[in-house]
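Listed next: structures, encoded as structure tokens.
In what comes next, subunit A is part of two complexes: it sits with subunit B in the first one and with subunit C in the second one.
Let's turn to the complex of A and B:
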């Protein structure tokens, strides 16, 4: 395609990172094994077959449907997998990704997904083998920092709490721990069920690296609107003003 | 740019919550001490545990056990902090702000549900023109005396009737009010809501001009009746006792058709319900929370009457009333159930956070645009006020991690920041639609800056919201005062409705109006005999939380002692 989408305005690191995430142009930082990803997700025993909710599409004799002919099923849909999920919590303290950008990444770059966006968590639901793959992409990439982001299916208010002294995002269920080797380990799955074996999620980003890779605007890193008494609007804020004004005027319609 | 104020009112509250000399700005915390304490760090949770132990024996079935939380991990893995009721010295535990534990909150809602306003003029016309009876101040005083005997549940006409125990219904009363000063002068003080005495002179004149020389009754039926039945009962109970009182006071025939006219007036033609009836899918009668419009909610709160010089304070008290009623009781219990909704609301009326944010915005606007209600109502001004206020708010959450921790959910933060902008825009422009426009822009700025906002539906409502602010289409574009919890786009979302009530009041507070939507409602809730503290909502909640508030509707009088 000759056209390169302009996903987000601004030349700050936060703006650039937002564009990268939306475009799926993600740097791979680590390699967590498939088995470990499956263990933390907690939907099935690592190595077990995928449970299915219907026979493979090829065996079902699908109706003659132009939409079905146009849209190639994802591997999970073709196999009849269950729909399962992975959900991430991102700290307000310069986590590399943030809920809406997780959703934008998923909606733009992944097929067959149902992303849901909240303040403390972001969920992606998809056919099981598909969500396995998407989750691995996330956890291996710069969207994920083992200290500042965490797979959490529930109890996610740690996103807005102060960090632990060792830099880990607070978690009342203590799903992760900092190892003596400097790596972060999951000792529970995303809903807090203890794991048989700890999963090594790798080393946290340093504070400087997190500040560089983050997509959140903060007044003490990349400011969205300057600071009190010294306002300078980011290009993203200027674009947002435009959107709001247009929406307000469009609603007026006195005809 | 205007002069910048940074009062940081919330710092004192945070110091009280987290402890004196606590580093409120530190981004890292040592949570370890709290991991061992769990719920036992909270006196209230300890009280719950003890109470449950005693009750389980009686009940013969298990009850409260905090170790059942999260598969065996109790709350209190971090510091369980108390809440300071904004602008007051009351500090209570979070549990004390659940409406079940707070009798003042219950009474606030009871005071609304048990109230209807009934016009006197239509009844007087029937009496004079149809029945040829003489209506004078003396007959009205006699009627009101009988009515205050009958309304609590006493008989006035028939023999051998059962009656209610006065000790169970002593909160019930009926007072009249009128725009006719001459008539008001003739009414016995005990039966009059004196507009001239209760309101500042300019507000009294505005109210009397709006209601003309009409006369009204503020009917507050017994709390115990409305708690046993529902809001729809209020006008029926009221109409029955009013009709019987007319029969007694004016020596009418109990069976004549004119009585039906009086009853019809009391039930339909001359009655103002506090809440409209809801459609079948929400299945509530009149005088239930889902039908209480934002404008009525604004008028029930009486801060405007006692602190007319402080528009943000007026608005913040309406926010407090609205969030408790709409979030904690309506959405949190009627429509949903459970405990989670409480803390959407508490964020709006505790720890002086919304106060600080709102005063910041207002100070900025006053300095830049001149005074309350004087800023032009333009998109440019709304954009300026809202952007400055939201960015200030976000910066406080960033600079004070303990503040962020206090508002640990995005919906709390989103509602508070947007409310501060709504209050600011309302107070400065005097327009509730401008306030609403600021509310929506604030949400968008928050979402764009932090890449997160509230929850699924919360975000949906606010991201599409700007289009309904100035819409001319009837089902989209009502003035904010006329919208309510059942407005199409507002019906499902916690963390909004109380704030809408507050920001609609902000516009009128900024203009110096005596009321937001209905002068009759404003006067009725000035009734000094109402039990809840309608002039200071947060104080009332604090009294309830501190167990200093005695509510009505209790049955202890007719039950064996515990």
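Let's turn to the complex of A and C:
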């Protein structure tokens, strides 16, 4: 029988969604074009060649190394692309993904990445054509809601602020706007430089859908712990306590 | 009937909407509150709306969306430099409270919290001393603007005449 890893415990919707993100079992909700993704990332002009920092590996004549023979380079590494990044902020108001789960997704499912997690934002660094590909996967999938998540390379705030009246996460740089057709448009790239053409990021999730798809535990949606009212400890929290107790008492020994 | 102390003393309240207000909604709320009368002081607070990109590769580029935002209340107009997320009011006395609540219910399209408390500081601080000296003629100015604000830009005195 093939082994199926179980990444996260718990039967709550947040627990199930966390498992889905970690396993890379993501539902595709929209299709944003490659050119649009590149425009929002802002590292190069859409359609331009990938600049490189070194010649393609095939031309470099690599040393005789068993690890290099074992590990196939990613397309970006093979071509000698620059390292570039995409960074997302996620609202605490039931954003579908949260920084740690973005990082788990990237670390488990993507090759050649350096994910970095902060309290309300998450950055992934990789070779340029790889990060283009990974960012498209994120923005097309249920890890992304145009209103509650946003690609923000600088002034990466909004996570813990109240939403704007139209339901968008607050952004001082006003990178996104709500169109008359109900779609959210990027009118600036991730560092706030205006785009030549607006990028349609699709329709935001409804409040109910966001509450269903979120990986965030919230007292007013799926509570992580507590004993007030209907609250009870999630299996994830019990597992966390278990790990913490074992680690504190004896150093981590799972048995 | 004898008026008790709380009926005649000024009261301070905080209006905390569930969402951050657009300049239009903020202006509508404040004007409705102002029309109810009894307002001694108003302070609006929220995340800053910078006019230029402060950090990163786009540093210095203008943010057009944040320019020319005005807050017109009564007979005065102020340049709006924050996304309004919190309103502090001082009312002449308790009897105006219901009017303020009704004005918020009329104009805010989402729920809000209304809390009573001591919000504006009452004594001159070191920052106030550095800014105004030790002779503050109008004590109402205390707590209205933060120490780094420019009074001529961020503070307006409204007349007592209301429409």
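Annotations for the structure displayed:
Going forward, the second predicted complex is superposed on the first by the 243 of 255 C-alpha atoms of A that agree within 3 Å, B and C clash if a C-alpha of one lies under 4 Å from a C-alpha of the other, contacts with A are read in each partner's own complex, and residues count from 1 in each chain.
The definition used in the following text is that a residue touches a chain if its C-beta (ideal position, glycine included) is under 8 Å from a C-beta of that chain, and two chains touch if they have at least 3 such contacts.
Only a predicted model underlies this, so the values are computations on that prediction, with no experimental measurement involved.
Look at A:220: by the touch rule set out above, it reaches subunit B but stays clear of subunit C.
When the two complexes are overlaid on their common chain A, residue A:153 makes contact with subunit C while staying clear of subunit B. Residue contacts after overlaying the shared chain place A:124 against neither subunit B nor subunit C.
Of the two partner chains placed by the overlay, only subunit B lies in contact with A:231; subunit C stays clear of it.
By the touch criterion stated above, A:77 is placed in contact with neither subunit B nor subunit C. In the superposition on chain A, A:41 contacts neither subunit B nor subunit C.
In the superposed pair of complexes, A:163 makes contact with subunit B and with subunit C alike. Look at A:173: by the touch rule set out above, it reaches both subunit B and subunit C.
Taken together, the two complexes place residues 154-155, 157, 161-165, 170, 172-174, 192 of subunit A in contact with subunit B and also with subunit C.
Chain contact summary for the complex, subunit C toward subunit A: residues 17-22, 25, 47-50, 53-58, 61, 63, 65-66, 83, 85, 109-110. Residues 1, 4, 6, 26-31, 70-71, 73, 75, 77-78, 379, 383, 387-388, 391-392, 394-395, 397-399, 401-402, 404-405, 407-411, 413-414, 437, 440-441, 444-445, 447-456, 459, 464, 466-473, 476-477 of subunit B touch subunit A in their complex.
Residues 18, 90, 92-93, 98-101, 116-120, 154-155, 157, 160-165, 167, 170, 172-174, 192, 215-220, 224-229, 231, 233, 236-237, 240-241, 243-245, 247-254 of subunit A are the ones that touch subunit B when the two sit in their complex. Across the complex, subunit A meets subunit C through its residues 42, 153-155, 157, 161-165, 170, 172-174, 191-194.
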